[in-house]
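In what comes next, chain A is part of two complexes: it sits with chain B in the first one and with chain C in the second one.
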Partner chain A sequence: MNDTNDPMAEIRASFFIECEELLEALQDGLQQMDDGSDDPETINIVFRAVHSIKGGAGAFGLEDLVRFAHRYETVLDEVRSGKLTADAEAMKVFFQAADHLSDLVRMCRDGQDIDPNGGDNLIAALNAFLGDTEEEEVTAEDFQPLGVMTLDLPDLDAPATPPEYEILFKPGQELFTTGNEPQTLLRNLAALGTAQVRCDRGDLPDLSSLAPETPYFSWNITLQAEVMEDEIREVFEFVDGLCELTITRLDDDTESPSALPDLPAVAEEPEPEPTPAAASVELAPEPAPPKPVAKPESSSDAAPPAKAAGPKSVVRVDLERIERLVNLVGELVINQAMLAQSLDQAGLSPHSDAMNGLEEFQRLTRDIQDSVMMIRAQPVKSLFQRMSRIVREASAAVKKDVRLITEGEATEVDKTVIERLADPLTHMIRNAVDHGLESTADRKEAGKETTGHVRLSAAHRSGRVIIEVSDDGGGINRDKVLGIAKSKGLVPQDASLTDGEIDNLLFLPGFSTASQVSDLSGRGVGMDVVKTSIQQLGGRIAITSERGKGTTFSISLPLTLAVLDGMVVNVAGETLVLPLNVVEETLSLGPEDVQMLRPGHNVVRVRGGFVPLYDLGIMLGYRGARDTLAGAIVLLISLEDGTRAALVIDGIQDQRQVVIKGLDDSFYRAPGIAAATILGDGQIALILDPADIIAAAGPMRHAELARPERKAVNE
Partner chain B sequence: MALRDQIRIMVVDDMSTSRGLITQALDAFGVRNVASTADGPSALKALESTPVHLVISDYNMPGMDGLQLLHRLRSGAKTKGVGFILITGKADKAIIDQGRKFGMNNFLKKPFEPKDLQACIEAVVGRL
Partner chain C sequence: MSLTVLAVDDSRTMRDMIRMCLVPAGFDVHLAEDGVDGIEVLDGLDPDAIITDINMPRMDGFGFIDAVRSQEEHRATPILVLTTESAPELKQRARNAGATGWIVKPFDPQKLVKALTMVTG
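== the complex of A and B ==
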């Protein structure tokens, strides 16, 4: 067999893909059951998922998988038949079994060795739900196969005659008063196939007694069409109840002439094995003349009967092809920008055909781009499902009772982002269970519900994706955190930090608050690694915590890693790009607008409030301070966490879409610089991350100015 | 002409892996006229226009299960004589008895080897 095109290998590969879908359906179903759904279809879905995995696994001889799936399925079947109630205890085992099943599937897929006794504990737990009722199975020997008596099919090449229907249609009075038109209905009907329409005018009275709004006609239609009765009824859907409608299938009992002779029954043999007697049966190749077809065009010529079924059809595409498309669209965007620039420089009138065409081109480019990005977008659901398993395992390891609440599972995020979020999110979830939540005893003492909650949510907000992990634990013990930071020399002994700054110490490299490093959250890997992973995705992470109430980590990510709506600005002769979605407004500073808080630290007055002012030229090291800030242009930046800041720039060039080109790892990561792009004139410009710039301005300073508006109002 | 050149078979299974496996096995027997659908209603619709000699259907499917499909086939004028083989993960007595009542021609328990499938089909239609 050809190795590169082994059909079995292909089917095997598609089996594992299908398994992933089934495992997702299984998780989903279990979650619904756990949430108290008593819809019988839910347990059916759960059962069927396990059953289908078992079926496929059997075909590929994956014994360990079959053995476990069989046990699991048997117990689920008990639930399905109502013999077993899926109480909390049972659900716990079901979830664990689903996790184990998913491990087995992946181990089989990757060809890893499976410990044959690995699932023994779970199998024992599953068995405990089963009574001693053994399933009564029928063996092949108990069943007498029935030979097919007739194989009377029309010749393969002969087009099948479409079914024939007689339709009687008599409009009622209301059909007309509701504005329906029989002619339209008849036309729609005729569009289904070949229709012969006869109008019955028998009821038409003399002209003298004719009531103009009363329907007198009825129609008799003979329709020959490749449709089911339901499809005919659909034509009359909107006049349902407003007319008399009778549909009769005319050819229901007309047998097609036989092209194949009857096969002799072979069922007399008790053994289902083929015998020479059966083997000698040959089909007579005598073809019968095909039945004449009324209208050949209406017949379905050689249309394959197989059709993708299901609510929506799905195509699986190699990710590489999508990547290529994304890259090409990126080039298209750059190309379009360059074209726009050269047309502009050519001095064409904005009303010229070329400029109008360009506008259309821009719109199309954007549409294509959005559509391509949508291909890459996936709901975060699969990611969240993985996290529910992390919670189950982590809570079992530290013996805490934890419930995961997920929100916004349908939120769509770029596929790459989802993949690269798995590790940081896993770490954060483990952290929340391990460090965030108190022990059961401590919770009881604090008068809290013993079950701890971890909430995982996703949402789209101001053009970004916000993912939050929060717990209802004890909150950050700031004295302890500060103490550790001081003892490790991470902050000076005499440092006095705000709450927010202490919280942010958690992101410092090598920080670990657990007095004993548990084997759960791991060693060495801390929140600093999480922060770096998030930053590499163009995201930011923030922390808020309230003593006794809990802690929330908030991750903000760009919707796409490929393009950005940007504002192109000049600073000290350099061209820079800022994400447009953070720019709230642009201002030109007047002499009265700026107030100095202390030397080098200014705030700007914006409609009665004060916003910290940063000079991009100084911060990026392009130039020294301006002689005067009066007349300078500032961008008012508003971040997702509500922070506002004003950035001093030298000029605004343009608003446009830019293609994000990642900076190679070989570049030193400069704070505030997120990526680069190529502009329409071929020039390279750096893309800034405003939040990172503001953070880089130093925690002390940022904290000092965090809410100057309030301070100003109070004074 | 051998039967395998003429026979037309429809495979009904909600799992594409199973459809692929059966189609693949049939192909190895030399049976080329094989259509497949993912559910009973699509199978019924397809059979309206393109009849087959034999339907090989999974039992456990969402919506319409294999036995419900069998029942619908047996009550259709055009499809009542079609051969029907039920593929089932569990040869439950209740399922098989019901199948027998509806006129199921044969059944096959999963997992099966291609030769089991062949024997099962040949017990219904004769040597392929």
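== the complex of A and C ==
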């Protein structure tokens, strides 16, 4: 099945890709309908999506899929034709049916066994809309799997000579307008056996009164062929009803009246035996079929609308090829950095042609790189649609009325990021529904709308993608959170924490606020796992909550996983790279700026406030403490959760784009090290994750920070 | 002489299937993804037969057949409709629109080829 040379397997694979797109369109359309769109095209899109899935599924013999899609489609068709109104109840079933359909598609794709009764409830619900008007019109023959051909074996008792039929055929006017052609039909008939065709030209009028596109002829055919009458009828299948047709078996006494019931009775005069002269398949002249005439102007009526109206054309590319391109561009960036460095060392004037050329080269490199990244970028829409399903399922499980509001679905994010966001986001959405939102009764009591809202939004903000999950629930119960953290020994009993710090306790491993573990989110996967997955994507997660108003989780992700704007610094002779976007400013420490809280813990005074100070050289184990911090250079960094820190470094080299080279699993994952890069001189430098470094150092308590501040005030 | 066929279907899977069935059988296959596209592709093409789906965005099969038939040179071009329903009224509707014949999906490759040779002669 996986043989890539098998065209069928390839089409099958492409069918499932198409299914994904169709399912997306289906979700979209249903959402629009749910939002109150009454555009007839919306229901058309929904119908077509299901219809196309059914069509393709039939081709691959996916009967379970066909059966369900057919039922679904039938109900949608009722809506389309206005016989059924898509009210809230119906929409609920439609959404569920769409979910079930996508399950079926996936199961078919992965070759999983399908529980034949799995969708019975839904089918029953769908049937209820049809009101039993059209019971079981899905006949098996409609959906014969591919390749089933009925072979009519010759009758064993058949006489040695093939049976002889007499066929009368008189085309009607419509036969021509539908593009059928008597000559072709007669030829097909003759192909069955031996045919003697006689043309009756009796009706042909005078040339003066001849209407050129009217059939005047009729034919009398004697066919001697080893075929059943059905096969003869099959030849005339497309013109059934467009002609007069009588088939009589000549040599059979038991012949049954064979004229089609819906055909006008034809004068059944026994024709004289066909004379051999009139025989053979030499077909008599016939009324000319409509001849192409010089192209009339009217044909331009059907001219297509301007190209601009067309959908965007799309090329499908193997992801591997794009990966390759991304890697090559990465090499190009490195190469360009090397070139820049050697030109610089050659001491060329910045106004020389070479330097100007280099500048242009750099600009182009950046453009190419952006373009390549855009290829990998995908709108988050598909991800958001999956989440709307999660909300539906989760809200049904905990019996809450929840509405998902999505914003910024068109925001584009790297494909890998989207794929790897699915799990953490699912967990967060479940959490929001399960823990974030209050029960319906509690909401009523609090004077809130009974329907809870979960908002999922995506936006680009200063070179990063911000994805937020927020609910309008009760907010974090901080006393409870702190109590649990203390009882689990996650924080000391006497700890006094800020609100933000308490909120962040949720991310600690082994923390779960629900005193009762529900089926929904209590699956042993905590927010710590979410945080880890986000961090692995080079992202951060932050939490804000307001009592009674709700909670917001905010994920900030790099736009791409391949290139980073970095600040290149020196620490104890090592070259390191820090993400530029966390660096707020650089300072040079004066003797008065640093205050010691306790040995090894310092803070630095920045414009009246105090910021914890960390020495990168010590933290990374490159060297011991400096003799004095005076004169040292520090980077003031600002983290996603709003906290700030100052990092002591030995020198700043440069600010440039670096290509991220992942440290694969064969390396021990050192805390604080995110990845590595190759610099222009070929040197390898580590890319740091400042938040991770600081977290590894242990948080400096706000309480401790407050002390010197007070001291400073008192002094 | 190989026959030229224009196939119009909004489902990529169907288009692929049609191509897979017809190309080995020696047909010269041209594809379009909806009625509007079909009319565009038809321009400058003289197909021996046309295959079209019914449910399509922008311009459906009925509209497409109508547009094709209104072109003088394609008044008699055989048009086969791909349909999942074998319901008689659907056939009647297709025929009223000017379709020559129909193929019930999912089609058997041999049947498709046979239907095509049947209408093209």
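In the analysis below, the second predicted complex is superposed on the first by the 423 of 715 C-alpha atoms of A that agree within 3 Å, B and C clash if a C-alpha of one lies under 4 Å from a C-alpha of the other, contacts with A are read in each partner's own complex, and residues count from 1 in each chain.
In the analysis below, contacts are C-beta pairs under 8 Å (C-beta built on N, C-alpha and C of every residue); 3 or more make two chains touch, one makes a residue touch a chain.
None of these values were measured; they are calculated from a predicted model.
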Chain B versus chain C as contact partner of A:T184, first or second or both or neither: second
Which of chain B and chain C A:P424 touches, first, second, both or neither: neither
Partner chain(s) touched by A:E174 [first = chain B, second = chain C, both, neither]: second
Partner chain(s) touched by A:I45 [first = chain B, second = chain C, both, neither]: both
First, second, both or neither for A:P163, with chain B first and chain C second: first
Chain B versus chain C as contact partner of A:E226, first or second or both or neither: first
Partner chain in contact with A:L242 - chain B first, chain C second, else both or neither: second
Touching partner for A:E18 - first (chain B), second (chain C), both, neither: both
Doubly contacted chain A residues - partners chain C and chain B: 7-8, 10-11, 14-15, 18, 44-45, 48, 51-52, 54-56, 58-59, 61, 142-143, 145-149, 303-305, 309-310
Parts of chain A lying in touch with chain C, wherever the complex brings them together: 7-8, 10-11, 14-15, 18, 44-45, 47-48, 51-52, 54-56, 58-61, 141-149, 174, 176-181, 183-184, 187-188, 235, 237-238, 241-242, 289-290, 292-296, 298-299, 301-305, 309-310
Interface residues, chain A side, partner chain B - complex: 7-8, 10-11, 14-15, 18, 44-45, 48, 51-52, 54-59, 61, 66, 73, 135-140, 142-143, 145-154, 156, 160, 162-163, 226, 228, 252-253, 256, 260, 263-264, 266-267, 269, 272-274, 278-283, 285, 300, 303-310
Of chain C, residues touching chain A in the complex: 10-14, 16-17, 20, 36-37, 39-40, 43, 55-57, 67-73, 75-79, 84-86, 95, 98-102, 104-111, 117-121
Interface residues, chain B side, partner chain A - complex: 1-3, 6-8, 10, 14-18, 20-21, 24, 27, 33, 35-39, 41-42, 45-54, 58, 60, 62, 77-78, 81-83, 89-93, 96, 100, 103-112, 119-120, 122-127
